[in-house]
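Look for chain A in each of the two complexes below; its partner is chain B in the first and chain C in the second.
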Partner chain A sequence: MEILKSASAGTIESSDAYVEIEPKEGALDIQIESVVKEQFGEEIKAAVKDVLDENGVKNASVRVVDRGALECVIRARVETAILRGKGEE
Partner chain B sequence: MRRSMLFLPGNNPNMLINASCLGADAVIFDLEDAVSPAEKDAARILVRNTMRYMDLCGCEVIVRINSVDTTYWKKDLDTILPEKPDLILLPKTGAADDALIADEYMSQLEEKLGLEKNSVGLMPLIETALGVENSYAIASSCDRVKALFLGAEDLTADLQCKRTKEGREIEYARTRLVVASRAAGVDVYDTPFTDVNDDEGIYADASLAKSLGFTGKASISPRHIDAINSVFSPTEAEVEYAYEVMDAIRLAKEMGKGAIALRGKMIDAPIVARAERTIAMAQALGMDRREDK
Partner chain C sequence: MNKLVNSIREAISLSGLKDGMTVSFHHHLRNGDYVLNMVMDEIANMGIKDLTVNASSLFDTHMPLVGHIKNGVVTTVMTDYIAAGLGREFSRGIMKNPIQFRTHGGRPADIALGKTPIDVAFIAAPASDSMGNCSGKYGKSACGSLGYAYADAMHAKKVVVITDNLVSYPLEDWSISEDYVDFVVTVDAVGDPKGIVSGTTKITRDPVGLVMAQNAAKVIEASGLLKDGFSFQTGAGGASLAAAKFLKDIMLRKGIQGSFGLGGITGYMVDMLRSGCFQKLMDVQCFDLGAVESIRTDSRHQEISAMHYASPAAKSAVVDSLDVVILGATEIDTDFNVNVHTDSNGYIMGGSGGHSDTAAGSKLSMIIAPMFRARLPIVTDRVNCISTPGKDIDVLVTQGGIAVNPKNIELKNNLIAAGLNVVDIHDLKEKTERITGKPHRLPKGDKIVAEVIGHDLSIQDYIYNVKGE
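For the complex of A and B:
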């Protein structure tokens, strides 16, 4: 199942992450904004990709604004955005 | 052992990730009042991930789901039950049927997930006049019910009276719930004290709850946890007396006596039962017997 509409989840408060997702033709584009991008950018991207894979999302544009969130929080926000983008919530 | 229970809003990562560091015996991840309708989905997933990935250092986990008259509660359980919380807090339980509806669905999920039946307990939140009047029926409605929990804010709104620090308006509800819970053989927890800046008030309120027979007390602020833990823990003198009681009982048996006195008072079955509870709690808290130190 693919992303049907633009959706977002999370906040830009400390320890949280804000995630936007929207439909994209034939590609998966992941953008990360984080103050620790240099140190953890790849880990964050891998976690986002993992959640997209788990939910069968192959075509989408995803933007993550990280505010020092733990991985489990980022995963939760990405999953919520996906479900909202699929119209399941 | 569950002296203190701390409410944490289910959609606030900053608080959830610190759950195990706040000193409470149990945390209550709240999917109900603390979460707006538009964020119920996000909170469910965040709480599930917190339980799945965070080391909560032995802190007991309770999840307050939404009430059975909403469209949210089944999704709450679908998402949360696989993580095996210790208890589900069921708000606005007004009758035994409310608890039985949740029990039936939880049983179905447990079977589907391969979990033992009743592996996740249920704690009805009594916060309406109807719930107070039906408290024994609710407490004894099914084996899954492990405790009752008094919610005074909604209750006083339902009673059409003002909520005060002194709590005269909830005296009846408090004693009614303690009697109903003890009659049903389950624990009972007191409502939070809501003035987070009143350090003396929380001691007084927790002490009152303990004197009435409550097992422990909930809090909406980490600031109240130390006071609650302190009030609901046995004192060193109480622990020492409990050991003396058990020593006296042992001595009486060795001497073939049916009854024995300690400090001028006959030791009977209720005193022995209380001593056993005190020693069990002291051991759980790592309190040594005074002479062993």
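For the complex of A and C:
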């Protein structure tokens, strides 16, 4: 699935996550900032990767600013950003 | 006799302050305080070094202290609480000597016992006369009670009162009397009123907080302690205040006449006094304008010293007569040990204050906290810092269940009989981790940045530096 334009989802409120996505030629680049990086850094990266894979995203740059969101919230924010980046929403 | 001196510098000079001595401060002006910075800047200008600062609490407005530490003016810090911004600096390991954290009761105890002698106490006073009879109740910088300053005034070798409101002699209704005071200095302002007291403290509107607060009030109702003569302390946090509101409703509905409210007093406790829930308020510190106005005008609202409040070295203290206290936590472990010193990443962001004192003294000490904050579960296997030992905590109230310390079987039975959702603390931990995931433990630093001295005056834990960034 192609990301066609820059898009974002979520907020930087506590317990939420803010996700930005934009097209990137030939690479998948994931950057994560988190207030709970020590405690959940690996889990957050795995969840983001998982949602990108599920949606077949291969050429994109993704930035996640996590403010202590539950995993279901992170997944929902990433998915929404992907859909917006495809122009579907 | 003339105690009035022209400047802070002159007072410091006359006090005989020298390298290696101890100076002290109280924190009733909270984040609005100007006095600590004014005095320490002057001390630094005079070239005095290697001092111990014994302050009942430190706030982010005291950030210039970091410079005095780096320049060697201050080499030891003793306090009961450090706010988050300043705490972050200390957690980086800027001091060679560890900070000594005490409780609000332990600090005056160690001062009175001579374990932490004070050479010069600086007392910020919103009103004083020329001989040093002083009060926090009057003036543009009014803060209400001066409870934490009494031990300093009574035991320091020299006492300097700093005021922005010099009144004619004698000040009536003084808190600290002239017999303890050596020098009086007037300045333009001792603090910024906006930082001294919050305008109003508000109860939470967060539905999770309200459920917790309602549960807290039900626990108190079912505990068997809520009857005529009941005494109570709560913090100024949104959920604690909401619990007080629900408790007030129950007391009024049942016609229960309590004896006293204790603490850190807020406008909500004043409302409870005026509604007849209590006959007295015992006040070591005012948190808002409502409390300041009340302590000035209502004789039932009584100022108390920190010794009278909570000292383990006093012949008795009010905490020993306290029925119920509602307290907060950044973490609590399955042994009911509570952390209020460090945040989830290990940075200093608080301190015991009266937490450990009231937990030790009260018949029922309750922690009220959400199951998790920003994905981090409140219940852990072992807290990063033991601020208050589990033996002094009776019950944890969350939105997902009420965990009773196994040592308090009677309370557990009472709560079950009342139909409350009592859960094992291990089960509560697992239930929470099913929602959040299981967090990895923080790496521990390699340097002790603070020692935590408990209500019993013994060291009960150490805080380590936070690496990285």
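We take it that the second predicted complex is superposed on the first by the 89 of 89 C-alpha atoms of A that agree within 3 Å, B and C clash if a C-alpha of one lies under 4 Å from a C-alpha of the other, contacts with A are read in each partner's own complex, and residues count from 1 in each chain.
Going forward, a residue touches a chain if its C-beta (ideal position, glycine included) is under 8 Å from a C-beta of that chain, and two chains touch if they have at least 3 such contacts.
Just so it is clear, the model here is predicted, and its values are computed rather than measured.
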| item | value |
| --- | --- |
| Which superposed partner A:A69 touches (first chain B, second chain C, both, neither) | both |
| Touching partner for A:R77 - first (chain B), second (chain C), both, neither | first |
| Partner chain(s) touched by A:S14 [first = chain B, second = chain C, both, neither] | both |
| First (chain B), second (chain C), both or neither touched by A:G85 | neither |
| Chain C versus chain B, contacts on chain A by residue | B |
| Touched partner set for A:V36, first chain B, second chain C, both or neither | second |
| On chain A, positions contacted by chain B and by chain C | 14-15, 69-71 |
| In the complex with chain C, residue positions of chain A that touch it | 14-15, 35-36, 38-43, 67-71 |
| Interface residues, chain B side, partner chain A - complex | 13-14, 17, 41-42, 45-46, 48-50, 52-54 |
| Touching residues on chain A, where the partner in the complex is chain B | 9-10, 13-16, 69-73, 75-77, 79-80, 83-84, 89 |
| Touching residues (chain side chain C, partner chain A) in the complex | 344-345, 373-376, 435-437, 439-443 |
